[in-house]
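Note that the chains are named A, B and C in the order they appear, and that numbering of residues resets to 1 at the start of each chain.
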Amino acid sequence: MLKSWKLKEVVLMSLFAVVFGIVYLLFVHVANIWAAVIGPLAYEWMFGIWFIVSIICMYIIRKPGAAFLSETMAAAIEVLIGNAVGPRLILTGVVQGLGAEAAFALTGYKHFNILVLMLAGIGSAVFSFVYGYFVSGYAALDPSFVALMFTIRVLSGAIIAGIGGKYIGDALLATGSLRGYAIARTKKGDVNA
Amino acid sequence: MPKEILSLNNLSFRFPEDQTATLQDISFAVSKGEKLVISGPSGCGKSTLLYLLNRLYPDNCDGSVDGEVLLFGKPATDYAPGEINHRIATVFQDPDSQFCMPTVEDELAFTLENLQIPFDKMEARITAVLELTGLTHLRHTIIQSLSGGTKQRVATACTFIMEPEVLLLDEPLSHLDPYTAKQFVEWLTELQLKTQLTIVAVEHRLDSWGTFFEREIQLGENGCLVKDHLFSPKQPILFPERKSVLLPQTALQVENLSVTIKNKQLLTPLSFAVHRGEIVVVAGPNGSGKSTLVKSLCDIYKPTTGTIQSDGTGYVPQSPEYLFLTQTVQKEVAYSGSSNPTEIASLMTRLRLETIRDDHPFAISHGQKRRVAIAAMLADKRPVLLMDEPTSGQDTAALLELFELIDQRSKEGTTFLIVTHDMEFAASLADSVLLVKDGELTGKFDAKDVWHNEDLLASHHLLAPKGVARFAESFA
Amino acid sequence: MRNLLHNMNPSVKFIAVTISMLTIAFFFNPWTPLLFWVSILLLQLTMSHINWKLWLLFMLPFSIGAFGYLWTTVVFGADTGGTIIWSFAGINVTDEQWAHALSLSFRVMAFSSLSLMFAFTTDPVKFILSLMQQLKLSPKLAYGVMVGYQFLPVMKDEFTQIQQAQRLRGAVVEKHSWQRILSMRRVLIPMLAGAVRKAERSAFAMEARGFTGEPRNAYYRPILLSRMDFLMSFVFLTILLTSCLGGIWLS
């Protein structure tokens, strides 16, 4: 699978992961404080920031694996830069990346419109929730509370990661810096763009 | 007849995104031991040409190649990926993005691992190349902690460890200040003498190279070969002469300013004053506190002691796009809302931004970005402009444009403080010079008193502007 | 002895940590995670030398999170029956709910300590090299991640510079989190545009030095597997088994 990847695309995913890693660290501090007050719900609304790397990378590079690889690399970098959550993050990254990847795979890697990107955000949300259900023991919580957490996470995935990812991808395209990547070669006005 | 090792026959190259070809019908050959430079204006395709020689292109951009590229007598396409790179090695322009490992030793080892060198040979080759390049003392140093000039030396050492036959240089001086650049060229000259390597360089500032090259190939705007001739040492850019337009009013008054951040005193108390319309050059060694001074003047850093009185200070960073907040040039200039539409319109015309008013501020040229940044600052009523290293990485045309831009604005009463290492540029513009060293202000000098004082300049890691005589006359 | 955790092969350590976490996740009694947590602390006390002050600083947010978990699980816990042990403000807490709540909170503490143990005793560069050498991670990915890691200080600096420049333009720092997320886009675009440029340059520099992404024959820094690694894996496994069995037996 990696054969068809250019090194510059792999490095791009890695550097994007660093950028979002820096941003994420800013927010996780805030969430940690909220967590004491409102419990695990504090993290739910910002889950989308986590998924956004995979969606932006796929939107730009448009190769099978872009969502999965970028999310996994993002998690690995997060570990390297000293995010205290450490190695369990890599597993989380793998799971979330698979969620987004699944959505793109379902559409045959042919469509990258807003709906597909939102679906990918939801995919990440669902996969990560199932994983979290297991590892963080949501089973012990009241079903209605779990449902609330799930809804917030799915919304965050669709809105922050899906819509936000498309917005950032388009804004970046407008700066003219994405020359040489798949997104820049898609003709304007193309319904799939 | 020396042996031809690289040859291009009727080479044309087009990027998939473009309609027209970047390089057109280029033919030349390079013989063993030659020292060749390819020159031409920014964007003429010189780097593209270099990337066709080390096989980064066409694979990395899916561009289309017409004609023939022969490397050591074999078509470039016949080489496997990576196969040619240890015979034709490359040093790039950006010292900050050429490394992937933490220390110098690790980076050298990375290169050897790429070449599938057996483990027991690695140690000896690393020691030898560090010896050869005089970098032995930096073996275990973290690369990111080194200065730009040293990073370029490390990048060069990484090419030498491959024992290449040809060294390609992609504007290796463009991010270095003239003082460091001169040292780098001297160092490289010595290495070339020892190794007799063939060198193909791409460069737009040839004056820093002295007599290093033997042959020059010039490319034109349209990517055609214009000239292929013997190299002759180049004179620095000749800037037009300018008349000082100092006004009597004070635009900036600094008293006892000092900055301490995290218990570290970055600036010891300093005082100076600047007139309206004055152009002040701020110079000194790297890390001497120039940036701290500029940032405290425009209120990014809070002064620890002292006062700053001014008409309003604006800041243009080395990368002007750091300032941009909107999607079009027009909105960018109008962002602060401090100027009325007539003033905005007048600024847009004076800074020649009318034609690009609807363009994305990130998608325009570097020179245009700087004009947008200046317009935005002036629209925000900040008539004292602080510019951080505006000359870095600029070619002749861009520097002349920058000169015009600053000269014009100063005639309109704008005051400038410009951080630069480029003393030719400084000498052409400055009314006065602020010399900074180790966080201390050596003094504010009249410009004409500085250019002859080589000791004073050297103690601040600056080279006297070439062609000082001309300035002496014009100030006499 | 105090170097044991630091010298352990990073891949082996990573696998040990992962297996431990996935196993503990099956247990909902309070004792298993508690036992495991205490054992990890003991392990770290005896087999590593770390800055405990810094450790406490990192542990603090997790402790707060654990507390958040405790009360939400008590209040929003699933209705599992059991006897009511205490009531507060109209909420009846059963013994089972309380056990679950304690279990989840201890789990947060155990996982956090485990993660911190990994983070505090593992050299990131060695970790990547080990992933490549022991777990056969593709060099393209491994060195891609390595480049990102090297750029971290540069990018952090760039982030500050952009924020400073934009503040000068009058871009204010928003109060609410959601506003800050929205305003983050302004910093993100120049950062990402810069990242695209840096990515291409770095990739070209690597390829120009013969990097193809193919597996390598020899490494200058071989990360080795030793007998100690097997021994340490055994230690981890013992702790894990003891915690699981001990937990079942105690509850």
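A few notes on this one:
Rule of thumb we're sticking to: a residue touches a chain if its C-beta (ideal position, glycine included) is under 8 Å from a C-beta of that chain, and two chains touch if they have at least 3 such contacts.
Worth saying up front: this structure is predicted, and the values here are computed from it rather than measured.
Taken as a contact graph, with one node per protein chain and an edge wherever two chains touch, the assembly is complete, since every chain touches every other chain.
With every chain reduced to the mean of its CA atoms, the largest distance from subunit B is reached by C. A straight line joining the Cα centres of subunit A and subunit C is 18 Å long. Mean C-alpha position of subunit B lies 41 Å from that of subunit C.
Separating the centre of subunit A from that of subunit B, both taken as means of CA atoms, is a distance of 36 Å. Touching of two or more other chains is recorded for residues 147, 151, 189, 193, 197-198, 202-204, 206-207, 211 of subunit C. Shown for subunit A are the residues in touch with two or more other chains, namely 6, 8, 171, 175, 177, 180. Touching two or more other chains at once are residues 60, 362 of subunit B.
Subunit C makes touch with subunit A in their complex at residues 14, 17-18, 21-22, 25, 28, 58, 61-62, 64-65, 67-69, 71-73, 76-79, 100-101, 103-104, 107-108, 111-112, 114-116, 118-119, 124, 127-128, 138, 140-141, 144-145, 147-149, 151-152, 155-156, 159, 177, 180-181, 184-185, 187-189, 191-193, 195-200, 202-204, 206-207, 211, 213. Put simply, subunit B touches subunit C in their complex at residues 51, 54, 56, 60, 81-82, 85-86, 89-90, 92, 94, 96-102, 106, 109-119, 122, 143-144, 155, 158-159, 162, 168, 295, 298-300, 314-315, 317, 319, 321-325, 335-336, 362, 376, 380.
Residues of subunit A that touch subunit C in their complex: 2, 5-8, 10-19, 21-23, 26-27, 29-30, 32-33, 35-42, 46, 49, 56, 69, 73, 76-77, 79-88, 90-91, 134-137, 139-145, 160, 167-168, 171-172, 175, 177-178, 180-181.
On the subunit C side of its complex with subunit B, the touching residues are 125, 143, 146-147, 150-151, 153-154, 161-162, 164-171, 186, 189-190, 193-194, 197-198, 201-212, 214, 216-222.
Against subunit A, in their complex, subunit B makes its touches with residues 15-17, 59-61, 327, 360, 362-363.
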